[in-house]
Amino acid sequence: MALIMDYLVQGGQMLLMLLLAPLLTGWVRVLKAQLLRRRGPSLLQPYRDLLKLLRKEVVLADSASWLFRVAPYIIFAAIWVAASLIPTFAGGLLFNWTADLIAIVALLGAARFFLALAGLDVGTSFGGIGSSREMMIASLAEPAMLMVVFTLSLLAGSTGLTTVAHFMQVADVGLRVSLALALLALLMVAIAENARIPVDNPATHLELTMVHEAMVLEYSGRHLALIELAASLKLLLYISLISCIFAPWGMASVGEEGMVYLVGIAAYIGKLAVGGFLLALFETSIAKMRVFRVDQFLGAALMLGLLGALLLFVSRSL
Amino acid sequence: MPLPVLLMLSMALLAISIYAVAVARQPGGSRRVYGAALAISTLALILTLTHLLTAPEPVTLTLPLGLPWLGAHFRLDALSAFFLIVVNLGGGVASLFALGYGQHERAPERVLPFFPAFLAGMSLVVLADDAFTFLFAWEFMSLTSWALVMAHHQEPANARAGYLYLVMACFGTLALLLAFGVMAGPNGGYDFATIRAGDMSPGVATAALFLALLGAGSKAGLVPLHVWLPLAHPAAPSHVSALMSGVMTKVAIYGFIRIVFDLVSQPIPWWGGGLVLALGGITAALGVLYALMQHDLKRLLAYHTVENIGIIFIGLGLAIAFQANLMYASAAMALTAALFHVLNHSLFKSLLFLGTGAVLTATGERDMERLGGLIHPMPWTALAFLIGAAAISALPPLNGFVSEWLTFQAILLTPELPQWLLKFLAPAVGALLALSAALAAACFVKAFGITFLGRPRSPAAAQAQETDRYSLAAMFTLAALCLLAGILPGLVVDGLGPVVGLLNGEARLVAQHNQPWLTLAPIVDAKSSYNGLLVLTFMALSGTAAAFLIHRLASNALRRGPAWDCGFPDASPATQYTAGSFAQPIRRVFGSIVFQAREQVTMPPPGNGSPAKLEVKMRDPVWDYAYMPITTAVVAASTRANDLQYLTIRRYLSLVFGALVALLLGMALWR
Amino acid sequence: MHSLEFDIAHFLAGGMVVISLLLLYQDRLYALINVFALHSLALALAVGWQAYIQDAHHLYVTAGIALLFKTIFIPVALHRIIRKLGIHRTLEVVGGVGRDMLAGAALVALAILVMLPVTAGADALSREDLAFALAVVLLGLLLMISRHNAVSLVIGFMSLENGLVLAAAGARGMPLAVEISVAFSVLIALIVIGVFLFRIRERFDSVDMQAMDAFREERRR
Amino acid sequence: MNSTLGFIAMTALLAVPAVSALLLALRSSYHIGARLNVGAALLCLLAAIILLGARPEDNLYLRVDDFNIYLIVLNNLVSFTTSLFSAGYIGHELAIGRLTPKYLRFYHAMYQALLFSMNLGLLANNIGLLWVAIELATLVTVLMVGIYRTRAALEAAWKYFILGSLGIALALFGTILVYLAAQPVMGPGLPAMAWDQLLIHAKAFDPALLNLAFIFLLLGYGTKAGLVPLHAWLPDAHAEGPTPISAVLSGLLLNVALYAVLRFKMLMSANPEALAPGPLMVAMGLLSLLFAGFMFYRRGDIKRLFAYSSIEHMGIITFAFGMGGPLANFAGLLHMTMHSLTKSAIFFAVGHISQVKGTQRISTIRGLTATHPLIGWGLVAGVIAIAGMPPFGVFMSEFLVVSSTFAREPWLALPLVLGLLLGFGTLLWRLQGLAFGESQGANNPSPPWVNTLPMLAHLALVFIAGFWLPGPLVVWFQHVAALLG
């Protein structure tokens, strides 16, 4: 019985992620439009786009190789697996021990690896721009992320997300400097990783400023659909990661009754809404920065993360 | 009783190299030589594998060779068995590859005789059980590999590489000789058993650690002793490069482990561990930064070896620090991580070098700027190289990730250390490790993307052909092993158990084979766990499911057309991103600090159609600040001393006179 | 009765030291040769006296060699060679005579200083004689290196060798003394006549060593 | 019976070279000359081997003991192989007219005379006789160095002659002093100059005299052994003479000179009050080692290069013996042997090289392994061996030298190792230029492989010694090492 329940929870989690992702993207878009006094697209527009793209035929560049066609599936799979391992409405998922925080970071890294390769595959100049800038950004964002992971796992004594979330839920963590630093760093990383303003602008196609869009420039049809879906999954992943670590309230834990799960789901969606709103607010209130100031931005993130970890190393021994 | 057999096999390899002198010129010669080497390596591999997995009781053997009153001692224990596996695996695969690759060799008579001897040398280093035999084999290994580096001696660059290599190797050997001398002490017992048994002062232990760092580190490519490596490894034929980078550096690691963890009976002071840790971190970061700046494929790989050596040394440094504080459980974690990475690096670095070899035979080019689009003519090579690249970039579910994950876990155990310095050092090194992992990914996106993807940048690349089946077999063997070690890490960890136990006072990680779902949970799964198998299954399932559903329910129509490229279709391949331009952002971010990289753009005046020029100046800090002074000093000194060659007879007589008077004075004042 | 023997022996030995200093003082070739003849004469006398007081007859042979070969034959030969080769007669002193004299004095002091610890018990003769012989040897070496001229180099070497013979003669009952002095004379004869002058004359048109140095310079890379 | 056989062998060692020197001085034909030369050397070798088994009893002039016997065998072995090599070498020189038959006769006679003098020096039981032998050797080699009559050759000969004679003179003074020290104790006469007697009574000698004597002997014979700063004659003498003579000089004569020094060192250490000779020798050895290391780098002449390498190794050997103790002495003896064999092999190779390339200038010799594989790789093997790398014997001896320092003065290992590294680096720099790269300059055909047999034989010996020393040899070396104290 309990086992079946666990399977259900895990499966529900995976589907929920898949379903909620475009909604979140739409939500952010709507909010941004509202904040800019525009009417903006409907909340469901992302779903429509995806279905449209899925039905269209793929126009493949002559110089594209098999890698170019396989990459979207790999990217999608990696991000989806990563996302489905994050406790959202319930901790203690069946397979949460499959991959800890480090592994989740690495899975995102794998997705990025193949995306960058796909950007290079056709052999256009824009693809190259995108890939090289993406890797530069990642080369700073990933260590920063890992520093955050360090801080958390040192605090909770584990790199397993469930344990961390549970720890934040029950143990009286209190306000710790290192936690604040970690949160700040994580936010900066999230912005960079999801190609949001000020690091990148998901809406632009101005050649010289785009990073993520430049890589996927040659994609079309179902491939593009998968990549878009993966992108919104990633956004969802980060927001739910932040919420499950820094706002783990209302999250159900293993083997509880159905009601609790519903509560958990409600709480989770609430968190997402808030997160999306904050993001939209931030994005509208700030301007995009030059690509070569991104490294300072992320360098700061890395330093914050390292500082957090160091402070923790000190405070733990006190 | 595998030890005598293993020694026989090494002897057989030596015999083959003598036989190779005779047949090197003949058409079928290389096939026979490499075939024999392959057979022997496989046999040795099976033997050592069984020995390690069954009852790894140390067996010893003494031959009446070497130092007369000492004899040549040999010993096969868990540690040497493990490294023998690495050696013979690499050797066998390289031989298999060379069955095809060797056909293209311009000067077989300069490669065939030394290749089996090189293999034998490495095996003997690992088997040696006294200082003389060890150094003998060690130096023999260096010598044979030097000969292989000098195989294409017409290129001046290779000659310089070989020179630098052998000098550094000699430096390392002398350092090790001093290390053994220090450990053996005045009564001079030079067999390892005596050294182990002898009680040494902490000072001696520290000195041994330093000298081992110098000796083994110079061979392994520890910054700042790495300068020879990126020159020498690419200079050799590719299958030899694979051996040197993938295996020989590991033999160097073996030397370090053997001395520091086994022979030194006194616990090393904790700051020694800190030193190794810091060196490892610096090596890892610098190595990958160097690699990113290269556009010669083999040199890029060689610099990457430096990075991975750094990662291994991070693990070893942590282990020393833990052992110094008697935290053997944590030390077991660190050691396992290091050894696991030894195995992994030997796998994927060999794979990548072999792939480069295939590219080299197909196009005759090592310079990425003249390659590109090779995935179309040689898809299989591309696939194998891609797997290797993904593995070395520590992407799950491949093996590279597992060892780096273990290293991170080991770093996460450092807060228990009492020393403050280590508390601060560990997260910093962790950051360096994370940084180098991320940069490695960037570096291999560059390596694979520029070489295999895009459109060919030179006619040679356009006319490339898929490589022969021996080479493919070799590459895919390694690729499969990379995947296996990635999805079944628990089994490898269990295999490493006896080795770790040997080095760590019988403290080792908990047995993994009875974990559910073959999960890797080094301590307890609540603390940290990873399951490569499930990650792979999930990704495969979701990927294929998505593909299936889309193709079934949505469209699967596909049309070829020119690239869109924001509306500039089929520009010339020259407009693609090159290796240099790919690395440019990172060069801007890091290079300007580390290498004082300076870019200078010279624009023609408006109306002038001549192309603009961008030149990048980079300096190698290590070479400039560590090696140039020494070389200049030696040159200056020898120039001064050279004047003594051209004195007049009178002056020479004055020298004798001076010596005489000085001695007489000394004696007069002596009493 | 002892004292007289000793005094004469010491007088002759000390005389050799003085003459060595004189050699250092010369800056003209002929004078150098003549003083060297004097040096050898003193040696002959000293050795003869040793032969007499030790009544070791083989030492007379040594004395004879010294007298005939070094006092007469070599100087004459050198005179003729110089005339034949037309070597310019003045010697170029490297450091200046004054400095050489000072150095010589210092060397004599050193010789005595070195000999002090020797236990007088060895042989009454040995101690002082050895001091003198050592002084002569060192002075000869100094002469060799303080002139730019090959003849003076040979002469310096020969005076050095005189010191050796003096020491050998001073050693009571030393076997092979004669053979050794003979062998040495052969060496010198070879130096003087055979190899050196003939070949050097043939190849480098002067015995002035600077010529050979110049020749050596041109091989310098 | 045994001892009489030994006596015959001992006399043969002296008589055969002397007689054949006379005969060769009369004969001018190349073929007969070369054959006779080889034959005589072979006879000496046989005699030496007989001496191994059969010892004559000592007399006041000659003596065979454990120390000199192995040098005698080595000496005659190398001089035999060298005579083989020189047969081919001189034939070529004759063919290209560098040597005239007149000088050829002279050459062969002098070769035997040199062999005679070296055997005499090794066999001598009398310090005076030793001195005479070494003086004779000096004269002979001077004449041979100058044999080519070129300006450079004559100048080298002249330099060698002057410095050599000075060394001889100093050595004589030292010898006299030793006698003076011995005579009061042992009374006048021959016994006071005989080794065995001296050693017995050394305890009673006047230490001050002994010290003084040793200084002179060290400088005197040290000049012959080419220790810095007394080395000046050595490079030129090696470079300008015929290559076989360079081989003999480096491989043997230096050993004989060093042997003399060692004999007196034994005397010194037999007297408790005398100053320990060790530090002096260690200092000179290190000086030679480092100096030679610096000198390799700027060398332009291939033979001069390896002459400096001889200086380096003489330094190492002196260092080892100066360090003292059974281990270090063993190392020194082993290194002496290995160096003789290897260095003469290298000079054989160099001889072939200078003949096939028609020059000795390093800058014009390139890529030998490509053009002349046999001698090219021979040179590589030789240099690798002399640089102290396995699988060659020098590696073992250098291992022992370094490790022996840990028994006495651990800190001395540091400069020693640095010197070794320096020498290695600079020597290898030269080797790579010679053996690898694009070939250039004249390329005469390689010599018939028979001519390279001596080189190969030496290399084979050194190779075997690299990982296996025959038991008797070891026991015997250990015995001698114990003798040396």
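When the chains are written out, they are named A, B, C and D in that same order, and each has its own residue count from 1.
Just so we're on the same page, contacts are C-beta pairs under 8 Å (C-beta built on N, C-alpha and C of every residue); 3 or more make two chains touch, one makes a residue touch a chain.
Given the structure is predicted, the values throughout are model-derived calculations rather than measurements.
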item: Contacts common to subunit C and subunit D (chain labels); value: B
item: Dominant interface by contact count, named by its two chains; value: A-B
item: Chain whose mean Cα position lies farthest from subunit A; value: C
item: Whole-Å separation of chain centres (CA-atom averages), subunit A against subunit C; value: 99
item: Rounded Å distance, subunit B centre to subunit D centre (Cα mean); value: 44
item: Inter-centroid spacing, subunit D versus subunit A (mean Cα positions, whole Å); value: 78
item: Centre-to-centre distance between subunit B and subunit A (centres being mean Cα positions), rounded to whole Å; value: 35
item: Contacts with two or more other chains, residues of subunit B listed in rising order; value: 649, 653, 656, 660, 664, 667
item: Shared interface positions of subunit D, touching two or more other chains; value: 158, 162, 166, 212, 298
item: Each pair of chains that touches, named by its two labels; value: A-B, B-C, B-D, C-D
item: In the complex with subunit C, residue positions of subunit B that touch it; value: 646, 648-651, 653-654, 656-657, 660-661, 664-665, 667-668, 671
item: Residue numbers on subunit D that touch subunit B, as the complex places them; value: 158-159, 162-163, 166-167, 170, 211-212, 215-216, 218-219, 223, 229-230, 232-233, 235, 275, 280, 291, 294-298, 327, 367, 369-370, 384, 387, 389-391, 395-396, 399-400, 402-408, 410, 413-414, 417, 420-422, 424-426, 428-429, 432, 436-438, 466-469, 471, 474
item: Interfacial residue positions of subunit B with respect to subunit D in the complex; value: 64-69, 72, 131-132, 135-137, 139-140, 143, 150, 153-154, 156, 159, 162-163, 166-167, 170-171, 174, 177-178, 180-182, 184-188, 190, 634-635, 637-639, 641-642, 644-645, 647, 649, 652-653, 655-656, 658-660, 663-664, 667, 670
item: Interfacial residue positions of subunit D with respect to subunit C in the complex; value: 126, 128-129, 131-132, 135, 139, 142, 146, 151-152, 154-155, 157-158, 161-162, 165-166, 168-169, 172-173, 176-177, 179-181, 183-184, 187-190, 192-193, 206, 208-209, 212, 298, 300
item: Complex contact set, residues of subunit C against subunit D; value: 114-115, 117-119, 121-123, 126, 130, 133-134, 137, 141, 144, 153, 157, 160-161, 163-164, 167-168, 171-176, 179-180, 183-184, 187, 190-191, 195-196, 199-200, 203-204, 212, 215-216, 219, 221
